[in-house]
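Consider the two complexes below, in which subunit A is the common component and subunit B and subunit C are the respective partners.
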Partner chain A sequence: MSGFSTHPDHDFDVRIHDALGNAELRESFHGAMHFLRDKRRTQFPDPNALEALRDRGAAIRDRALARLPDLLEQLERNCTRNGIQVHWAETAEEANTLITGLVNAAQGKRIVKGKSMATEEIGLNSAFEAAGFTCLESDMGEYIVQQANETPSHIIMPAIHRNKASIARQFHTQIPETPYTEDVDELIGTGRRVLRRAFAEADVGISGVNFAVAETGTLCLVENEGNGRMSTTVPDMHIAVMGIEKVIERLADLPDLLRLLTRSATGQAVTTYLNLISSPRKQDECDGPRQVHLVLLDNGRSRIYADRQLRETLRCIRCGACMNHCPVYERLGGHAYGTVYPGPIGQVVMPQLHGLDRAGKLTQACSLNGACGEACPVRIPLPDLIRRLRHEGVTQDTGSPVKGHGRQRKPAEALTWKIWSLIHRTPWLYSLTTHLATRARKLLPPWPRAWTNHRAPLEPAERSFREMMEQRGRDPGGKQ
Partner chain B sequence: MNSKERILARLRHGRASSPATPYDAGGSPAETPVQLDIDSMIQALEAAHATVFRLPAKDWPNHLAGLAKEREWTRWWIGRDEAGKTWQNREPNSPATLFTDWDTQKHDLFDNAQVALSQAQGGITETGTLIVESHSNVPRTLSLVPPVHIVIVHESTLVATLQQALDQYGPGKMPTNLIFISGPSKTADIQQTLAYGAHGPKELVVYLCTAED
Partner chain C sequence: MNATPVNRVYLFGTCLVDVFHPRAGMAAVRLLEREGIFVDFPPEQTCCGQPPYNSGYDEQARDVARQVVERFSDPIPVIVPSGSCAGMLRHHYPSLLADDPLANAAQDLAARTYELHEFLNRVLKIRLEDQGAPVRVAMHTACSARREMGVRDDGLALLGQLKHVEVCEPENAEACCGFGGTFAVKMSEVSAAMASDKCGAIRATGARQLLSSDCGCLMNIDGMLRKQGQDLNGEHLAEFIWKRTGGEPL
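This part shows the complex of A and B:
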């Protein structure tokens, strides 16, 4: 499977250009984003109740983050007591080595995986490939995308960029004895048939974790398809991978968070399955995994945690509402970002993960319209964070834990703003500039094509605003 | 130091250097109380594509036998719970498979099972959710692998909300696997078109049992 780049800035402009020129892609995203936004809106009919729920969600996540190191230790203690083996990984490489080691130790060959952003983040599938294992994605969207050697374009609906005709062609050519059909029930039936075989034969199941409850040592998974339950129930070994920020204090914190998560993500009041795993198979039980492992992944999160403002990023419950509401994401689609997490949350997470020198350009793909911040169910101030990272990208010495400061700085742009700032701070220079610009407006050089390609050229007015106001003061009631 | 110690040290150092100011949700009104409402449970389940029958507890075996005949269900899988035992008594000659050895029965379950029957420990009326605990008598795959899942739930075990349902659990009271089921398995991963039976049951049949007179 082709992975995501650790240098998403590279060729970002080219990807944007390609995405904007792809009519089929734009139609897919336009339709899907409107569909998801409408569904979410119908789930929150009372704006006051929604705001109150967002407050509670943010407070629950903040309370957990305030006690993060203690809760992680509590989670480990309780999981261990329940028979779940807990591992810690500082980096993606360490996590991959650890997980492939576990699979090796169990002499596992066949692996199935439920949808998990954490394993996308560490590139686990590539690590498995390198170690000689095959790992089949079992979420329908992920399965389609993996088979096509693509990457997911949305964190909740991975194959959102594809239409049914292209999926029909793919299944027909890639799965033996599969006739061409655009009937969605039949297409899903084909996926079901192939994946059932894989579930029944798999030695190891991999999953993510939506929330982990510290007080009980419980892993919580939310889904509609049942592939998460299959992956965590049928194989002898279950390995769950979660970012360290996903721990919550109490079981009683779950209802509010789930209410926000499922309604924000897919506009559902409830998902088909809420799966709470507290233990491997017990002696007298007849099924379930014999071993359950939990990998606690840092991968830069503890660095983010040190900064009070950036820490708010860690409240994220991965619902995707920010991208569903982002006008830029809607037009570009997820692949243009070239990142595991696309859209607004990706624009905030990826520069923190890879550094502003590698991913700082992503923050430019934003009109600061604020829709993401208004949609976020746990009130992450995404526009503020994007603006801050933009600023850090062009400034040195900020004392922030984000790497690659100032690496987005362009000398010509910096000089332009210096001159602009000087003019606006110096009254006589301001008067002179506006005087010259209005008087010599016909003599100004032609606008660069990048601007006039899609817009009418701008021309300064005959007189500056200030001059017009002065004129009006002298001649009240008269025509300007 | 190992990875765990380094991660925890960074977190503790980070917390000390910029202490948290907890998010203040003080102004938020408490949630409006939700009443136990069986009609809304039926509505929610049916909206999620489940089939619901509401009848006195003593009547479900006969009703189910009729349904089984009509649908030609012959390959049954049951647990050693109340529902499984009642069904075996009702249909002593109908071959229903009990889980005894997972490793030998796994493929049979995946390839041949038509219907699973089990008892839910409770339900949530607000969202139309069934509460299913794994335990020694009922395997977790029973509610997952066969294409049709039939659930018996007593109305006396229903609660209004997930919050109330979770209140019954907590430290020391968690089953190995606690599942909340709100309909048959489904997906909208292909062009936002809803399809049922993605990986789990395609059909969910719920018997809401009223108290005996």
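This part shows the complex of A and C:
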């Protein structure tokens, strides 16, 4: 079981075509992305301060990753000491089996879930469904997409592709006794009513983890709606699922990361709720779960970790800023990628998690304009990683840990670059080619349709630059 | 580089300048020569290797990069009239050739590579006297010039010295025009959507002319504007500056 059942490369072109043809979708993404970019900008008024903060954020993440195995053990020790039960899952299947097993053991039936990308990644909801449990998403955006049988289109704002009217219709038809209204407060009130009941009745609460502090054995959870707090305190059992890279050394590392996370994600100076979970309910406490479990998920991460350059991927704090700044994501929206993580980080993570044969084509959806790398608060060199994966995709034996390398190689393309290289490293051949291109302009092979469908073909100049320079060399009067 | 005055530089012409915008190359030469600099144009140069590099064909890119390193080996500045090609030499050659016998030479080349307008503005600190009629232009800074090379302000500073030139940056100036080399062909629909927004923003400035220091963006934006039947006369920044400051025809 994985986060998506289809091959993300499969029909990528069709999904792109459909997304571009959907005017309403383009309009909402355009508006939302610009809104978010502006909000983030106002949160970082001083560029020097921003750069200094990014340096600190990247350093904190690097320091943690450098000692990842140690820190995970330390986290396990301290969590256990605090009464949190720690489990390790190598694959998505293992994680799902483990989690459904825990729910079964507690004889739980009703589950609420706070927003968590790790559980999207492993496809936990389908595993629950298969096991006969009902699991309700409690983040409003996630709730909306779950009810509509969709997947999230953004890692922070899952329902960003939806507008008011369509949500109003959905609530009106799917939630009994709900009158049609486009009033946002009323819509939220409706959702809240449903969720409140679910919180009160739930046996198990599932959450993700934004950061886990090794030094203290603390799980940190950032959220805006309070549903995370409800999901992790009301039910008797709390299961937190986190990718192994989310561990940090010390509590003191947290403030800088939180600053970067909330400002980059939604342009908020601080988050509305910050949950620091360090143990199950203690003896004289009147609320909180009686059992807390932490599932440490690998799912391909240690393979990524093994490569020095690719390891930078694991610095990610899942803020979504890279997608908010990506011109391709802005045009397509998240669903077109066909992956759990869309946009630039998705283009880097998915081929690493699922192999270049299944998800390598995603790396093409990038003009290497660099906006994502500029936005990333922890300085992940996303364009370099995308390019690296393109290289892996067309090269047979790279000796790297990425699976399926060479599988994006097309013979015609490879041949083109061979010929290209021959021409460009053989000066007389290059001169001849440019000479012909400029002299026999009318006889040139036609421009590809992909170009001329939208653009006029360009005409080579009458004389190439090198010829003009040669001419000057022969005619010293031409030089000043 | 800063202590001793520069009197000789290399010019790396770039393949797009060579075939499509030779006058931009000539303008670069003239602007440098006017400052008393001898411009050395190694005749055997071809391309920086960026097209295969960005497509992941490192081996083919490396074969071409090695020759650039060898042909531009004297310890003098290398001036490039394109942000993305300059970025290739400065930021990507060192890693591309990291395991090559030319690794040190590549590092050295990277350290003395400049984008043309960066060099004119920051190193030579040239002064410009505008001799043209009032005009409103739209300036498009390439993503590589803006982000990788950080030379957006240099282009604008040079334009700012031209008294009768009103410069407008289009709305969402920092957005990519959708060229991206092979991206424009491989992901042609997305690329066209990006280019079309860019063209709209440029048209909305009401400018009479479109300027950029990157021929790739010019090809893309200008190509679409012409297909739409709008002629904003896209021109390379160097050529525009040369003409405005009394330079004779190229």
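Everything below uses one rule, namely that the second predicted complex is superposed on the first by the 462 of 480 C-alpha atoms of A that agree within 3 Å, B and C clash if a C-alpha of one lies under 4 Å from a C-alpha of the other, contacts with A are read in each partner's own complex, and residues count from 1 in each chain.
Operating definition for what follows: contacts are C-beta pairs under 8 Å (C-beta built on N, C-alpha and C of every residue); 3 or more make two chains touch, one makes a residue touch a chain.
All figures in this text were calculated on a predicted structure; none of them were measured in a lab.
Chemist: Which holds for A:92: it touches subunit B only (first), subunit C only (second), both, or neither?
Modeler: Neither partner.
Chemist: When both complexes are superposed, which of subunit B and subunit C contacts more residues belonging to subunit A?
Modeler: B
Chemist: In the superposed arrangement, does A:282 touch subunit B (first), subunit C (second), both or neither?
Modeler: first
Chemist: Between subunit B (first) and subunit C (second), which does A:157 come into contact with in this model arrangement: first, second, both, or neither?
Modeler: First partner only, subunit B.
Chemist: In the overlay, answer first, second, both or neither for which of subunit B and subunit C A:221 touches.
Modeler: neither
Chemist: Of the two partner chains, subunit B (first) and subunit C (second), which one does A:451 touch, if any: first, second, both, or neither?
Modeler: After superposition on chain A, A:451 lies in contact with subunit C alone.
Chemist: With both complexes superposed on chain A, which partner does A:206 reach: first (subunit B), second (subunit C), both or neither?
Modeler: neither
Chemist: Going by the contact definition given at the top, which residues of subunit A touch subunit B in one complex and subunit C in the other?
Modeler: After superposing on chain A, no subunit A residue contacts both subunit B and subunit C.
Chemist: Could you please specify the touching residues of subunit A with respect to subunit C in the complex?
Modeler: 16-17, 20, 26, 34, 327-328, 331-332, 364-371, 373-374, 387, 389-395, 413-414, 417-418, 420-421, 423-425, 427, 430, 434, 437-438, 448, 450-461, 463-470, 473, 479-480
Chemist: For the complex, which residues does subunit B have touching subunit A?
Modeler: Contact set of subunit B toward subunit A: 2-4, 6-8, 10-15, 17-25, 27-29, 31-32, 44, 48, 99-102, 106-107, 110, 127-129, 134-136, 139-141, 144, 161-163, 166-167, 169-171, 174-193, 195-201.
Chemist: Contact residues on subunit A for subunit B in the complex?
Modeler: 28, 31-32, 35, 48-49, 51-53, 55-56, 58-59, 61-63, 65-66, 68-69, 72-73, 78, 82, 88-90, 94, 138-141, 144, 157-159, 162-164, 167, 184-185, 187-189, 191-192, 195-196, 199-200, 215-218, 224-227, 229-230, 233-234, 244, 251-252, 254-255, 258, 266, 269-282, 284-288, 296, 298, 302-303, 305-308, 311, 379
Chemist: State the interface residues of subunit C toward subunit A in the complex, per the touch definition above.
Modeler: Contact set of subunit C toward subunit A: 13, 15, 17-23, 25-26, 29-30, 33-34, 41, 43-47, 49, 51-61, 63-64, 67, 143-144, 147-148, 172, 174-176, 178-181, 183-196, 219-220, 222-224, 226-227.
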